[in-house]
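In what comes next, chain A is part of two complexes: it sits with chain B in the first one and with chain C in the second one.
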Partner chain A sequence: MRYKLDLDIEEVNTDRRDFLRRAATVGGLAIAPGVILYQTGAAKPADQAVSSQQRWGMLVNTNVCQEDCDACVTACNEEHGLWDLGRPETDAQWIRKLNVKDKQTGHVTSLPMMCQHCENPPCVDVCPTGASFRREDGIVLVDKHTCIGCRYCMLACPYKARSFVHEPLQDQLPHSPRGKGCVESCTLCVHKVDRGDNNTACAEACAKDGHQALLFGDLNDPSSEISKQLKQHGGTQIRADLGLNTGVRYQGI
Partner chain B sequence: METTRFSSIDANSLQYWILLGGLALATLVGVLAAHHMDLEGHHISGMSNQIVWGFPHVAAIFLIIAASGALNVASISSVFGKTDYKPLARMSGLLAIALLVGGLAILVLDLGRPDLLIVAMTKYNFKSIFAWNIFLYTGFIVITVIYLWMMMERKMNKFIKVTGFAAFLWRLILTTGTGSIFGFLVARQAYDAAIMAPLFVIMSFAFGMATFILVLMASYKWTHRTLGDVMLSKLKNLLGIFVAAILYFVLAYHLANLYATEHHGIERFILLDGGIYTFLFWAGHIVIGCLVPLALVFIKPMSQSRGMTMLAAGLVIMGGIAQLYVIIIGGQAYPLVLFPGMEESSSFFDGVVAEYTPSIFELLLGFGGICLALAIVTVGIAILEFLPESLSDKALSLDSARSNSI
Partner chain C sequence: MRILKSKWHILVCLIITLIAYVPMFNAFAESSADIPKPKSNYSDETRCVEPVAIMRKQHFVYLLEHRDKTVIEGIRTTQYSLNACIDCHITPNAEGEFARYSDDTHFCASCHQFTAVNIDCFQCHADRPEEAIRKTRNPNTTVTAHTQEIHEYLQLGETQPH
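After this line comes the complex of A and B, so read on.
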């Protein structure tokens, strides 16, 4: 009886199989270029979770960072739609240029300061709803759907890296959603990382201006340029005493 | 063997409705101010990316820790067996709930996304002391309501001691949690100190007692009930002890900071050259909030004057608000130290003292929360039997004698 039933199914499906075979061939040819591009960019498929095999990070070489240059800041603002409203106390700043002067010698170091994407982020620890979170690949983000705007994370961040959206927003960019009443900070251009650019807007702008002070990459990959640079020349964490194991490292400080 | 006669107050007088109407109006204005901030965004407030918690938080945290302290009187009666305080235990519980509700209302209305409150009630990160506080606050209200039920329902009186003890423990944990909101902030120079927790506990004792004394005196005066000197004297002496304890903890905090060179910057800022914060610390917190009240409650002839006791309680509240302003806003105004020993500057106000002036919306919201708390008390004592009909010295000594003989 079972054999007969299987036979019936086989008979019924013959024509459909031919059709599916032809459709798959045509469809495959149509999407092949996209698949090839996709593989070249090594982007993560949207349905695949991020993995702790990577730890994205940034290396800042302050020796080549120019005091009068803010290309990284401008690029970040444009990439994420952070419009200047002329209210510096409340305008969002995801990355800023910080000048550090040695009181003894007068030596000034200029460096970009942003979310340090800590392995043990205080902002994530203190967030009551879990809206502040750290992805498996080391990027620290804020879930705008669960951020209630209590701002406790801003008090907790040792780097003053977070901003609160103090006004209604217009002209938002689809790849970088923001929300009035939510806290936000550098996303390490997560949208670019996920689509396989393997770089951030600030690092691209810095390179375009010929300074090469910012290097983005995978800290877990020994063959990545950032890992090689750190192995060869070393790197410093800001407020290393807090034991946060930051994803952003600095040279020359 | 209840001997004290309790009764609700007469709510039919014009004065009562004027008081309640005024409090309700102020609460409504506070809600509208918060709604306006919500619509326009927080840029219309004095808060910024530097001062992220402002006056609303000062008012809210004052009310929350005062709520914990307001339950003192009930605890002294139920947990420590001091029966003299038993007639006041109900009022103590009501005031505790009212103050906490007022404080929580301010906190919630100041959120960037008050519409997402349900998220705060359903999604928890248990590593966050803030998330724990949500449980501690709601739990405190539940436990105190049960405690009041045990006190007010004669059949349940046998459970007073157990629930009283639970409420006592809970409120110690609650204020420890509130202090730890600041104590657990590792990066800020003014915080990151374990002493914040016991400091907030003792602040709660003093602020709660001061608020209790004022509310008690006002409600007895306005309802023409008798409040004897014996009871008031006990309360004022306790207030004095709590204020002295605040001074001790503040001294220990600053001594520890002054010993460590890394904290000299913040100490200099608060104690010497912090402008408004230095002024509020010395004039507001130390002199008006501690030294003057201590003199008023312990030095004769002031200590024998009812008016001076009322003044002392009022000054403790003012000094308490000044102290919280210095801790909360002064602690944020002092710049974060990213590079110890270096001078920092940026477009994001690194290395400079942040400026803050509370906006009218924040003041109205804070004031609205305080009025909401008082409105709850005003309604509560008119609906249920919270207040003893008399707290005269004679009634008190009779009560005490009977309780002791049982």
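After this line comes the complex of A and C, so read on.
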């Protein structure tokens, strides 16, 4: 006997999450009216805090993503200094390529998978120390100064997006501090975003290889390319049934 | 303590303590001569981002406050940024090599060793400018504007010892 899973996205009850979040951000709300607006795309002034005016996201067009290409993965590793320790079981992996085959039709969909920068991130919900957090502009990060390495977040993440650093590291890069005992995941190239690059290393590499499968941008800005694309062609959330409102959307799946 | 009751004894103790410290100060003075000079002065008026005496005692207070602003709020000013400290203070020696934190001649390590301070910043954070690290990973990395800048500056010889 088979049961039909009948879950409507709208029905996912996020009340408890919202309540917890409201309880946690009461202090922050008072500051919001004082926030100064700035032009999207241009670098924000270095002394200005990020704001919820932006919601950074990514659109993956799986129709043009190549099955045998891993330019995005290589670029991520190089950008963040995720040097290969020769132990694939435990080496950090912020972005990985998945090839999914439809058994009925034989069609293979190739897609990159990374932290989906959820609006309601389960990793943040479970973190006992507050180390896992969502920045005002939607980027989900680990504050490694507070992370105790318990790895609850790795269990909670439905996308298997996080890695744990198991051994002492060397030669970390200045913009991407990382070390033993902390959990880490895709930062949406937060250092580039803050610099005003308006792009991520993976999307740049994909474009450089002529595939244009990755598009980075501001989901809150209706005039951004990503918003236009999403409005015109739509974009799917992986596991939309969880009601996480992911910042990374996919086309062609 | 009865022994300290007499002024004479206190004076003797003081003198002995001072004499004991002299070689340590000498050692520090000698080793600091090998430590590469910082890239530049922070401004025309000041050598470092705060007066040097304050920086010696308080740099970690500034760093601690700044780190939360950067991680949580995305504030990327350079005045109290650890990366900016490293960029300026960790310069190549005559052979063009950058010291690691595990070396005596690393700017931070030179003082932490002397004062017997253990920190764990560099278990995660870069102890050298990005370019030096990329060079370690790949010796073929070409000289970037950053090194060029340092070399030019050092040749001018304008930097004061820290």
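Keep in mind that, in the parts below, the second predicted complex is superposed on the first by the 212 of 253 C-alpha atoms of A that agree within 3 Å, B and C clash if a C-alpha of one lies under 4 Å from a C-alpha of the other, contacts with A are read in each partner's own complex, and residues count from 1 in each chain.
The working rule: a contact is a pair of C-beta atoms (placed from the backbone, for glycine too) under 8 Å apart; a residue touches a chain by one contact, two chains touch by 3 or more.
Bear in mind the structure is a predicted one, so any value in this text is a computation, not a measurement.
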Quiz item: Should A:Pro128 be classified as contacting the first partner (chain B), the second (chain C), both, or neither?
Solution: first
Practice problem: Examine A:Met113 and indicate which partner it touches, taking first as chain B and second as chain C; both and neither are also allowed. | Solution: first
Quiz item: Which partner does A:Pro177 reach: the first (chain B), the second (chain C), both, or neither?
Solution: second
Quiz item: Thinking of the overlay built on chain A, is A:Leu141 touched by chain B (first), by chain C (second), by both, or by neither?
Solution: second
Practice problem: Figure out whether A:Pro158 sits in contact with chain B (first) or chain C (second), or with both, or with neither. | Solution: first
Quiz item: More residues of chain A in touch with chain C or with chain B?
Solution: B
Practice problem: Quick one: classify A:Arg96 as touching chain B (first), chain C (second), both or neither. | Solution: first
Exercise. Examine A:Pro168 and indicate which partner it touches, taking first as chain B and second as chain C; both and neither are also allowed.
Key: both
Quiz item: In the superposed view, which residues of chain A touch chain B and also chain C?
Solution: 145, 168, 179-180, 182
Quiz item: Of all residues in chain A, which touch chain C in the complex?
Solution: 44, 46-50, 81, 83, 133, 135-137, 141, 143-145, 168-169, 171-175, 177-180, 182, 190, 194-195
Practice problem: Name, in rising order, each residue of chain B that touches chain A in their complex. | Solution: 38, 40-43, 48-50, 52-53, 111-114, 116-117, 119-120, 123-125, 127-131, 134, 181, 184-188, 332, 336, 338-339, 341-350, 355
Quiz item: Taking the complex as given, what residues does chain C use to touch chain A?
Solution: 67-69, 71-78, 83, 86-87, 123-126, 129-130, 133-134, 136-137
Quiz item: Taking the complex as given, what residues does chain A use to touch chain B?
Solution: 85, 87-93, 96-103, 113, 122, 124-130, 145-152, 154-160, 162-168, 179-183, 238-239, 242, 253
